[in-house]
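Look at the two complexes coming up: subunit A is in both, with subunit B in one and subunit C in the other.
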Partner chain A sequence: MTEATLLVTLPFLAALAAAAHPRAAARWGGAATLANAVLAALLVQDVLADGAGATGIGGWTAPLGIALAADGLAALMVAMTALVGAGVALHAADWSLRAAADARRTRLRTGFWPLWLTTMGAMNALFLSGDLFNLYVAFEILGLTAVGLTALSGGRTALRAAFDYLGAGLAGSLLLLLGVALAYAAAGRVDLAVAGTLAGTVEGRIALALVLAGLAVKAALFPLHFWMPAAHASATPAASALLSALVVKAALYVALRLSLEAGAGAGTLRAALAAAGAAAMFWGAWHALRAERLKMLVAHSTVAQVGLMALALGLSEDGVPWQAAALLMLSHALAKAAMFLAVGRIAEELGHDRISGLNREDLRPGAAEFAFAIAAISLIGLPPSAGFVGKWLMMEGLIDGGAWPWVAVVLAGTALSAAYLARVVSRCLRGGPHVAPGARRPPWRTGDVAALGLAAAALALGLGSALPLALLERTLT
Partner chain B sequence: MTEFLPLAILMTSLGIAPAILAMPDRWTRVRTAVNLAAASVKVALVAWLSLSVAQGAEYAVTLAVAPGLALELRADALSVLFLALSAVLWLLTTIYAVGYLEGGTDRSRFFGFFSLCVAATVGIAMAGNLFTFLVFFEFLTLATWPLVVHRGTAEAHRAGRVYLAYTLGGGLALTLGTVWLHALAGDVPFVPTGVLGDLPQSHPLTLSAIFVLLIAGVGVKAAQVPLHGWLPLSMVAPAPVSALLHAVAVVKAGAFGIMRIVYDVYGVETVAALGLATPLVAVAAVTILWGSFRALAQDDLKTRLAYSTVSQVSYITLGVALVSPVAAVGGLAHLIHQGIMKITLFLAAGNFAEGRGVKTVSGMDGMGRLMPGAMAAFTVGALGMIGVPPLAGFVSKWYLGAGGLDAGQPAVVALLAGSSLLNAAYFLPILHRAWFRDPPEGAAPRRRIGWMLALPPAVTAALVLAAGLLANAPFSPLGWTRFIVSLEYL
Partner chain C sequence: MPVFDILTATGAVFCAAIALGARDRVAAIAGFLLMGLVVALAWVRLGAPDVALAEAAIGAGLTGALLLRGAARIGPLEPAAPPARALRASAALLALGLAGLLGWAFAGAGGASVYPALVRASLAESGVGNPVTAVLLNFRAWDTLLEVVVLAVALLLVAALAPPRIDPAPLGEMVLPFARVVVPVAVLLAGHLLWLGAEAPGGAFQAGAVLAGGAVALGLCGVLRPAERTGAALRIAGLAGPALFVLAAIATAALTGGLLDYPAAAAKTWILVIESALTLSIAATLFLLFLGSEGKSR
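Here is the complex of A and B:
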């Protein structure tokens, strides 16, 4: 399990190097992202072959050291981070190269890499961490880098959004810290398995509720999502992709962990999670249907998708297997990263991201539009995407459990997501009189390959679902 | 070898699509060469497959997706029926489309999605279980949408929205039904006479509800009344797309789905035992009559043909739902017969629009003199639809009528007679105008249509004639359907 230790330490070291040596920031960033991907692949292979395992950094174990635990779920999330990170880094490297000549963009170019590498390290630490306190620390790092990523583009709206993000993040952390402290007071320990005992007492349930509320803020779960659309829509494409695809997953991952550990207890909390999730699906979809700007639409789609994942978590006692939630997280990460990268390219080419103006241009960033469309298939949950397999598992469980109203909610959410994504894709399918004879197609860029690759991965992952599902079989117990 | 053929048949259209999509529009020759080569190879492979399947060979490819879920491609006798139809008509339609879109915009996008559309159809034909069928069925929805809105006008986009709303809605119903059936019965492979075992006795109501969901899901694409609203609107698409949609891809996929669900999931005896066969016959009967009535009133030629499709595709449903092997032969044969007749009509209609700018029934005066070749093909198709012997449509209707008597439902004969009268009422006036009236004064000047537009309808018209005249030959559509039906009704 040396990979686990390296996965946590290497990104932070690389981030330091990139910050100290800004001229080579992109090179440091690229190399570290690549190394991270290799390590993640090794970790997946290890967990598949030998099962889950635990280790302490530098051989120090609890209670003194930082305990790391790698089971199938953690390995899957690390792999998700590595894959999305590789795609986004490819886009960012391409962009860095082209921005090199532009002096005003230097800050952006050099600032991105340390922030991304720290995010990556914090994500890895979070997924591999074995206790609640480490989780809290990882969350703090993640929250700060996320604010940095939001503010990176430097515009007025971006700074304002980053400030709101900071406030929300701090409020979430406060709730989380309060919950962790209360859990320690109630149970005397803070490892993740404590959730099972917490569900049994009143204090424990309050502690769990506080933790969940903190997570809900960080995951932007309705009605605590207020900070998110503006933050995700005003950041640069690479930052938006990371924030929307990965950073919100951190909180969802912890919620999934806690729900696995808490078992059948905490019924009220589950019900609350399911209700908030269902409301988020409709709220996000409604705003996405009415959005005038492309980035806003995609950001609100994240609100709806977070709702779907929360719903899957909340309904785990109604027959939804937890693997469904994990698969939905994975699929959303790939597809949403692809979508934000594609939207970034479209907006850059057209000079704006108004949805109504998408079909009146004689410029056709076809590759980006195609990537958007493929990502949309995954987000809607149409076959053969991983989102489809996730929804299938979810629906099969619900039907087995006879939870028909929830089946209707899932179907309605699917129909709504098809409706708002079709708004965009239909405008990409322009032709005929709208197209000037001299319509030109911008040349291919490496960034397009990243968007297309991530979108295609989300689509193909459905056919290869056997692999992540096999990985998820490897649990620590 | 058992894995090679199904995969190769799928990849001849799925594999070339990304390359075509990525090509610059001006690479006309390369694109055409790739398209025609792939289509020809597919025809050859399907011919090989048909011969092997007739000799009892079995082909299967499986990919496990999740526990209890597998993608499976399999070639059985029913697959071959649909595969042969799509392979041959894809080749002809591709030739036609190359000629039709010459000089148009977005041709790489068009042909890319055209290939994807055929790939989805092929996947549907070879789906070995309900899950695989669902996957390709939804894929077909997505692949055809860009073709429907190809012209990019506001009208096209409106039609596209309606199309998407209907088909994705149907997809949701089909998904729900499939998941429900999986929760109840586990994996659902396609096996003649059904796979449900004792479940119909223990869960009759649940299985009836699932049946309604599944049939409603595929019924949207098969344009069963009242789920047919998208079809006339989607006539805004270019002629080759309409031809493909009506003869091969979307509508036929729906009809094929009805066959699979009735024959290979439930088994026709079970459907009858659950009391679901009669309602299905009723739906088919209403659709046949309603489509024909609406066709009468349409002046737009393609819209009239669209309503005719609504009506004619329900012959297939009728043949499946009547619990009788004779009717089944008629219904299954009509899958092919309707395909070749309707594609002839659409390709000829496209030629009238291209050559003379004529898009309405009222503008057809003297067309027989203006474009004799296309009009002759149109005439063969129309007479076949009416059911004039010895054309293909007559064979289907004959077996359907005999099947109605066999199933103890003589009303079917009256239905067929009524429908044929209506067919005649909406087709004969066109033929009369074309052959017996003079061309209008000051008709639009003739634009030359090349061989690529002229040849395909002539070939399909010849096929219509051959399918009727040689109905008793071993490899005729009729001969093949007798073979399939012998598996279902042992």
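Here is the complex of A and C:
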């Protein structure tokens, strides 16, 4: 459990150091992100070798104390955060280096690292926590850092989006807190194991519904997603990647955890999740099909993908194994981070991010476009990507359960995601007479490695999906 | 006592209505301040003096100062068009329905809390005699650590996003006699609350808020005007408390093998050291939040 202890403390320490010593912020950030990746790998190895483990923080056992619990699901999420974080940090470090000459960007350059490191620590603390109230506190950190990451680019639209995000996030937090308070009133304790008791009474189910409503705001689940496209589209590429790939996953993870703990009693709530998820898939896809700007398209695709994950979570009574939702979360995190980084690079090269202006005669597609295409494969769910494995598990369960209407919904959502992502990919694929003979190629940047690496990881994870599945077997349910 | 209870309950709702409904910004903030004080009274009546102290010091005192400061900085705004009547009516209906449902659910929720018995049983091992401090800095110290990180993030956000500071003209002669009394009292009171917290109501958050109140008085009369260097020092002070808390957590893990598992018999010393650092940090953070931004002023 040493890894778990360090995973929840070192990021905060590094964040404070980076804030106190802004000139070395990037160095603190890089070192801490690297250390976090090593610790996450060690934690995965530990859980694979010895199974799940839990300790009471302060030596007090739950419910008096707070449990620090590392099981397969938690370890997978910690590893996901570490992997995506490493990619985004590489991109941000490269960007910091190039922006160093620009004095106006100092705030952006130094402000990013403490916020990212705190986000990382809060995500780790959240995944490893075994206490409902403690989860609420972790969400408080996450909500504030996410607002900061949105606002960091400093533009008028970014500030406006950050303010709306703050409002929505606070409303979500209040719902969550209300739910925790009612859970305490109904069951007399607030450790996570209480979910099973809560599902047995009407008051307890209302408490769970309040918690899930708060989580739905934070995960941007339709119809509570209104704040998200603007926030994710107006942040800097690194911040968008973190927000879209990781921060929304925190809420989905807690929903999955609660659903596992609550068991069969939470059937109505899961049905509501499934309905909202299905609606989100179509709503997000519709807006992604009509988006004029690249970043808006990618942000709306997150709305649709969050819907798919909520659907996978909500259909567990229809035969979908919960592992499907976890795999979809993992693959979406990798692919969406790659996609936002790629989009940032494309916009930088073109000078704009209008989709209609993507095919230009004097510029050949480069590494960023390639990364976008690979990430799209995973998001649509084509083999051999991790997205495919997740969707396959889901479809297999639905077909075995004979839930044909849901099969149709998932297939329609898949076709729509292929359609809106093809709007971008098809424009990048055009070559031949369309591109002038003397067209230049965008130069290579270290940041391209991050986008390509994350996209390739999403693809390769499909081939190596035995590892996450073996890890998920060691989950405490 | 029922008369007192009814008065506080209706008073809180009435003040909240003023805060929401008043057209004048300062009147709305005054309503909010009053509500904080009435709610603090309600906490006393509910037998939670620790929460009452925190509510009065932070909820009513410093939040009010922050709001007044913010209201003055925003300047005049165009009043937004009120939403359509149908929208307002449906929002009111929805809120009433939710409130009714919640009232029903809370009234029917009959789970007996497991915590009072558990806290009583372990209080002797916690190193302190005040059960609230025992929960906040021993049994659930991990929650408190994360809360302190929240405060540090708020400080970072203000530092990163706030526009250059505007220094109001010091009130000088007007406030000096007031400050001469208030500042030493604030320092004494903060130390008292901090020391008392181990055995009686009080603790780092309350002491930090009172200390910050003293600093605000000094700031208003123009004695404490952070230039670039003092601003940076305040910022370091604000970040030092959380850093020390995290370091203490790592140190306990190294010493006893458990995160925040204080070495046996030394729990009180650890808790007092952590609380003292947090008091200074919280005071510095709240004062910087009041100033709006450290360093450069316009």
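The rule we apply is simple: the second predicted complex is superposed on the first by the 460 of 477 C-alpha atoms of A that agree within 3 Å, B and C clash if a C-alpha of one lies under 4 Å from a C-alpha of the other, contacts with A are read in each partner's own complex, and residues count from 1 in each chain.
Criterion: a contact is a pair of C-beta atoms (placed from the backbone, for glycine too) under 8 Å apart; a residue touches a chain by one contact, two chains touch by 3 or more.
Please read all numbers here as calculations on a predicted model, not as lab measurements.
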* To do: Applying the touch criterion given at the start, work out whether A:Leu16 contacts subunit B, subunit C, both or neither, answering first, second, both or neither.
  => second
* To do: Decide which partner touches more residues of subunit A, taking subunit B and subunit C as the two options.
  => C
* To do: Considering only the touch criterion stated at the top, classify A:Leu97 as touching first (subunit B), second (subunit C), both, or neither.
  => neither
* To do: Please indicate which partner A:Leu174 is in contact with in the superposed arrangement: first for subunit B, second for subunit C, both, or neither.
  => neither
* Would you sort A:Leu467 into first (subunit B), second (subunit C), both or neither based on which partner it touches? => neither
* Taking the superposition as given, does A:Phe370 touch the first partner, subunit B, the second, subunit C, both, or neither? -> first
* Asked: Who does A:Ala151 touch here: subunit B (first), subunit C (second), both, or neither?
  -> second
* Identify the partner contact of A:Ile141: answer first if only subunit B is touched, second if only subunit C is, both if each is, neither if none is. => second
* Doubly contacted residues of subunit A, that is, touched by subunit B and again by subunit C -> none
* To do: Please give the residue numbers of subunit C that touch subunit A in the complex, ascending.
  => 101-102, 105-106, 108-115, 118-119, 122, 138-143, 146-147, 149-150, 152-154, 156-157, 160-161, 235-236, 239, 242-243, 246-247, 249-250, 253, 256, 258-262
* Asked: Considering the complex alone, what residue numbers of subunit B touch subunit A?
  -> 21, 24, 63-67, 69, 71, 105-106, 109, 134-135, 138-139, 142, 145-146, 149-153, 156-157, 160-161, 164, 168-169, 171-172, 175-176, 179-180, 182-183
* Tell me, which parts of subunit A touch subunit C in their complex? -> 2, 5-6, 8-10, 12-13, 16-17, 19-20, 55-60, 63-66, 68, 107, 111, 114-115, 118, 121-122, 125, 133-134, 137-138, 140-141, 144-145, 147-148, 151-152, 154, 159, 178, 182, 184-189, 202-203, 206-207
* Asked: In the complex of these two chains, what residues of subunit A are touching subunit B?
  -> 359, 366, 370, 377, 382-384, 389, 392-393, 395-396, 399-400, 407, 411, 414-415, 418, 422, 426, 429-435, 439, 441, 462-466, 469
